[in-house]
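Some structures to go through are shown next.
Each of the next two complexes has chain A plus one more chain, namely chain B in the first and chain C in the second.
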Partner chain A sequence: MHGRIRTWGPGALVLLPTVLLLGYFVYGLIAWSFNTSLTNRHTARKGPADYVGFENYGHLFSEDRFLNSLKNLGVLTVAFIVGTLVFGLLWALLLEKGVPGESIFRSIYLFPMAISMIASGVVWGWLLNPSTGDDARGLNRLFEILHLHFLENPWWTAGSRWTTMASIALPAVWQMSGYIMALFLAGFRGIPPELREAARVDGASEFKLYRHVLFPQLSPIALSALIILGHISLKLFDLIYAITGPNQFRTEVPAILMWNTLLRSDQAKAAAIGIVMLAVVAVLVIPYLAWTVRQETEE
Partner chain B sequence: MRGGLSKTLALVGAAGLLAVSACGNSNDNSGGGGSSASKDVTVFTWWADGGEKAGLDGLVSVFGTECKDYKFVNSAVAGGAGSNAKQVLANDLQAGKPPSTFQAHAGAELKDYINAGQVDDVTQLYKDYGLDKAFPQNLIDNLTVDGKIYSIPANIHRANVVWANPTVLKKANIDATKAPANVDAWIADLTKLKAAGVAAPLAVSKGFAQEMLVEAVLLGELGADKFKGLWDGKTDWSGGDVTAALNKYKTLLTFTNTDREAIDWPDALGYVNSGKAGYTLMGDWVAAQQLADKVPDTAYTYWPAPGTGQDFQFLADSFTLPTNGADPDGAKCWLKVVGSAEGQKAFNTKKGSIPARSDADPADYPKYQQSAMADWKKDTIVPSCAHGAACTLGQNNDILSALSQFSGSPDVAKLQSALGTAMKTS
Partner chain C sequence: MSADTAAATGHAAAAIRQKPGRGAIADGSTRRSRTVRYVLLLLFLLFVLIPVYVVLITSFKTSGDTTAASQWSFPKTWTLDPWRKAWDVLQPYMIRSLSLAIPAAIISSMIGSVNGFVLARWRFPGANIVFAFILFGMFIPYQAVMLPLRTTFTELDVTRGVPTLIVAHCIYGIPICTLIFRNYYATIVPNEIIESARVDGAGLIQTYARIILPISISGFVVTLIWQFTSVWNDFLFALFLTQQNNGPVTLGLAALAGGQKVDYAASMAGALITSFPTLIVYILLGRWFIGGLMAGALKG
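What follows is the complex of A and B.
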């Protein structure tokens, strides 16, 4: 008995603060939010509130504004993840092939990540000015000067959901592609050179080398990238807020709607939106966790 | 290439600095809620720069001489129409750490705080400071909720003002000296301007500016009584006259700039000043902006929105006495200064608004304010929703969302039902 405490005791002691803090600030507060979402606490007034079950959720899913924000989020997530993966992989491939001054390019690609979303949102809000023709400003001005008139467009003020949310995804792609590039580049560098040599000796073409030898080894990295990007996309608030401001129906995502709801002190509804967002993240994260656990047990 | 890189780095660096300064700001502000045990009076506002900050400084100097026992502690949070500030304030109130006094729009917007039990009744202070005599009765009526008053206004602003560029209007032979008789006449003038080569004769910006425009159209078309009824439930939002007015709003939008969702009101005003547009509709804080931008009096003109010549659509910034606030005596001294003739003069001459007191001397004020003060005395007073006098934060939030949807895909029936639904929530 005494001996067993010696084995696991110190480890548990080291972990204890983390477990307590996580337990309170993450899981405790999730439970608290969930509890609030089941009540009719629709004002800032203190005191007891009644439980109304899942009524708030029922209202949410029958509300145009919330459904619209979910659709916006879906489109944003797809555009953001596809865009970032494509650019990140492309840059990683180019750097992996070897270029002079690689470290300079690496820094340039990674630099946007150092800027806070709110700051880049302010700048991109200006770059994405919807005026065209003689009045064009921002990116449209650039296209105007380059005589690429067909590229000028109203960006996020366009009518269609895809154009709107893809325009919002653009700055996010710009900001996160460098990070994905770094992930993939590290992946490429982690592959032993012997594997490439062996493939080349066996007469594999460049394309086949990537297709059958290198890419399969990157799949764990691609999956991590997907998870990281997915949850960033769900949390995206500051960027959208900076570009379009609050109360913008076209670009509203659940995070912004939650902020708006909290501003009017409708705590139960805001908590319900938060819990829905958590559920959406869980849809992404839980399969990933299951997959990693299975991988680890297989090893 | 080298130049390009260093430019990029400089840009990136600048953006980084922006981010750092933004962080610094929020840190400064987060300390604002907790007031210390000394005789500090923390005053929470969203007046952080420009004419608003100058006005606040004016109040502070009066406070410094009138309330020597107390020290003013600025707890301002920057951001358009106070949306950031309101979020910070909501947190502080929720945490039980109210500032000594906070800024809130007078009228319906205060209901949120009253319903939550976060502000105290100040009716007695009106008697103590003689404000019940100094403020016009119709203003006091607008401030009273169930027989009680919960705030003391520092100023009055007018929302329904159209600002015009006479040089542009001259091109289409339009008389700039007087307002078109109604919205239809305005649309006719806009058509003339468009024919004369002005692509977007009506400059509009995002969010509340569109709300102010739709309110001005509703006020002009329905008249003051029915318009007031929209906000207190006596007028039916689904009525045919509302449909007709919203259709006119839809027509007005076709004369506006395409980047209306991306710009703020100073940019829209800039379009008028630079001659790219003929008109913009905005509250009378434009007068202070024109003064600050050194635009000469002759370069612009202004009149009440078409069809609203007899109506003064008002909004007022006011200060409250939070429940369980730190040092209520200090807060009361601040409120006394806010309501006093001297305090209102110090504040309003700098902010470009007019005093709520009816005993102020117009000679102390610049040209625009003199005309507004005369109108305030004789016009019908109606509230504005865009600035919290007619509706709560929640209602306003839903209306803004509906209008941004309308701006993208104008569907009058959808907008009308969305507006009606918005007013049914709280």
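What follows is the complex of A and C.
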């Protein structure tokens, strides 16, 4: 026993600081947030607060503003995921057979990833200017110049939730599509060439080759892409903050609402929103983590 | 992680750069389909580059030149004034961001390297559980910890500003750095080497310093880029944990481009100025940047 501890003891010891740090800053603080969310601490004042159980959560889910932010998030997530997957997969498909200048295409498609969402939001906020007609600015002005008047629209100031949130998703799609392209491209390149050849020898058409041979190979990548994008979408904050400002009901998502709630020093409610966001992530990510870790152990 | 995602750290990046296999080339695609493909690729290139064009031309315009009608045309007179104005505002923020992102990237990379080594090649009972415990920290929405985090820093009476942000970014950067290094060591360091070092009586520290550290350079490049970029681009922590007058460059840009009367030319110049450091990293170290992205395939 003593000998075994000598062999693995140092390893455990090395990880101890990390475990303690994350134990406090991740798990401890989550517990702290949860605890706050069960109280009636609705001001910045210190001192004892009373426990009110799940009252704050009850209030949240009966409050129009919070439900609005959830719906916005849902629509944003769908628009963002669909847009990014379509562009990313399309680009990967166009590139995967190799074209002259491939690395240039790849680099340019990917570069928005390197830019902060604040910088990108500043630029896109300007491009998505809602004025139309003679006064059109930004993208609308470009459509005006190209005589594509039907494309002009009031973007995020539009009436419908779908147009509003799709306008917010557009810059996010612009930023993240290259990433998804890179994921899928790596996937395509990882498929052994023999598989394609075998399918061609068997007389499969290009379409059937992709449909039945190549795409199934990419499904693990598609799953990670889905998880990553869903996760990014939930965290989108900077982009909305920069494009519309934090005080727009029509583009408010839980991350923004939490910030607004905190500005009013309503700590208990802000904490409750944070915990709801965590719950959404946990539902998505824990099964995925468990699945990948299990796969790993099997390997 | 699943072989297709994060374990691919360096390999996926290499895979992208690989020439497509024979099967892909001999696809019998006609010249026309190749032309169509090329045209589409160029169109999408336009979509990606359109914002770049507007930003660039606007940043050289005089304030009277940013009217609706002239938004997409070249500047009537080229001027550097917007750049000067943006730089005057942003300069202190840039310095703060540099003094924040560089140490934060280095410290979290070093911790990640040691952790990754232990989790990949110096395992102990329950190492998998510890790994999952660490990994989860990567996924949490920071909103769930932000409020008490702020309180903690206030109670510790840490100067709100660069030092606070360094600590926060280091801690929350540990999971991704650990993951990247763990996968890196799991693929490039054969277990036999570690075993024979152990047989020769080398301890953990010796093994790490003599065998692991010297071959860790490309792992470090990936985590350093990843951390530098995400710390530089962070806005959430900056907003929650610092004030305008001691915050990093994202706060500076938000201030420059926000407010009642926005100077568009200066905002665009500012967006460019604040993006330069990460763009330079991307251009110079692009292939490792992709490696980082692949490693982050589990993060997001």
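As a convention for this text, the second predicted complex is superposed on the first by the 288 of 299 C-alpha atoms of A that agree within 3 Å, B and C clash if a C-alpha of one lies under 4 Å from a C-alpha of the other, contacts with A are read in each partner's own complex, and residues count from 1 in each chain.
Heads up, the rule we're going with is that contacts are C-beta pairs under 8 Å (C-beta built on N, C-alpha and C of every residue); 3 or more make two chains touch, one makes a residue touch a chain.
All of these numbers come straight from a predicted model, not from anything done at the bench.
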| item | value |
| --- | --- |
| First, second, both or neither for A:81, with chain B first and chain C second | neither |
| Which of chain B and chain C A:118 touches, first, second, both or neither | both |
| First, second, both or neither for A:266, with chain B first and chain C second | first |
| First, second, both or neither for A:131, with chain B first and chain C second | both |
| First (chain B), second (chain C), both or neither touched by A:258 | second |
| First (chain B), second (chain C), both or neither touched by A:245 | both |
| Chain A residues touched by each partner, larger count belonging to chain B or chain C | C |
| Chain B versus chain C as contact partner of A:108, first or second or both or neither | both |
| Chain B versus chain C as contact partner of A:30, first or second or both or neither | second |
| Intersection of the chain A residues that touch chain B with those that touch chain C | 108, 111-112, 114-116, 118-120, 122-123, 125, 131, 135, 137, 245, 259, 262 |
| Of all residues in chain C, those that touch chain A in their complex | 1-5, 8, 12-13, 15-27, 29, 34, 37-38, 40-41, 44-45, 47-51, 54-55, 68-69, 71-72, 111, 114-115, 118-119, 122-125, 127-128, 130-137, 139-149, 152, 171-172, 174-175, 178, 198, 203-205, 229, 232-236, 239, 250, 253-254, 257-258, 264, 267-268, 270-272, 274-275, 278-279, 281-282, 286, 289-290, 293-294, 297-300 |
| Chain A residues touching chain B - in the complex, by the definition given at the top | 42-46, 65, 104, 108, 111-112, 114-116, 118-120, 122-123, 125, 128-132, 135, 137, 154, 156-157, 159, 244-250, 252, 259-260, 262-266 |
| Contact set on chain B toward chain A in their complex | 5, 8-9, 12, 15-16, 18-19, 22-23, 80, 83, 86-87, 90, 93-94, 112, 115-118, 206-207, 257-259, 261-262, 276, 392-394, 397-398, 400-402, 404-405, 408-409, 426 |
| Touch list for chain A against partner chain C, complex | 7-12, 14-15, 17-19, 21-22, 25-26, 29-30, 32-33, 36, 87, 90-91, 94-99, 103, 105-120, 122-127, 131, 134-138, 141-142, 145, 174, 178-179, 182-183, 185-197, 200, 206, 220-221, 224, 227-229, 231-232, 234-235, 237-238, 241-242, 245, 254-255, 258-259, 262, 267, 270-271, 273-275, 277-278, 281, 285, 289, 291-293, 295-297, 299 |
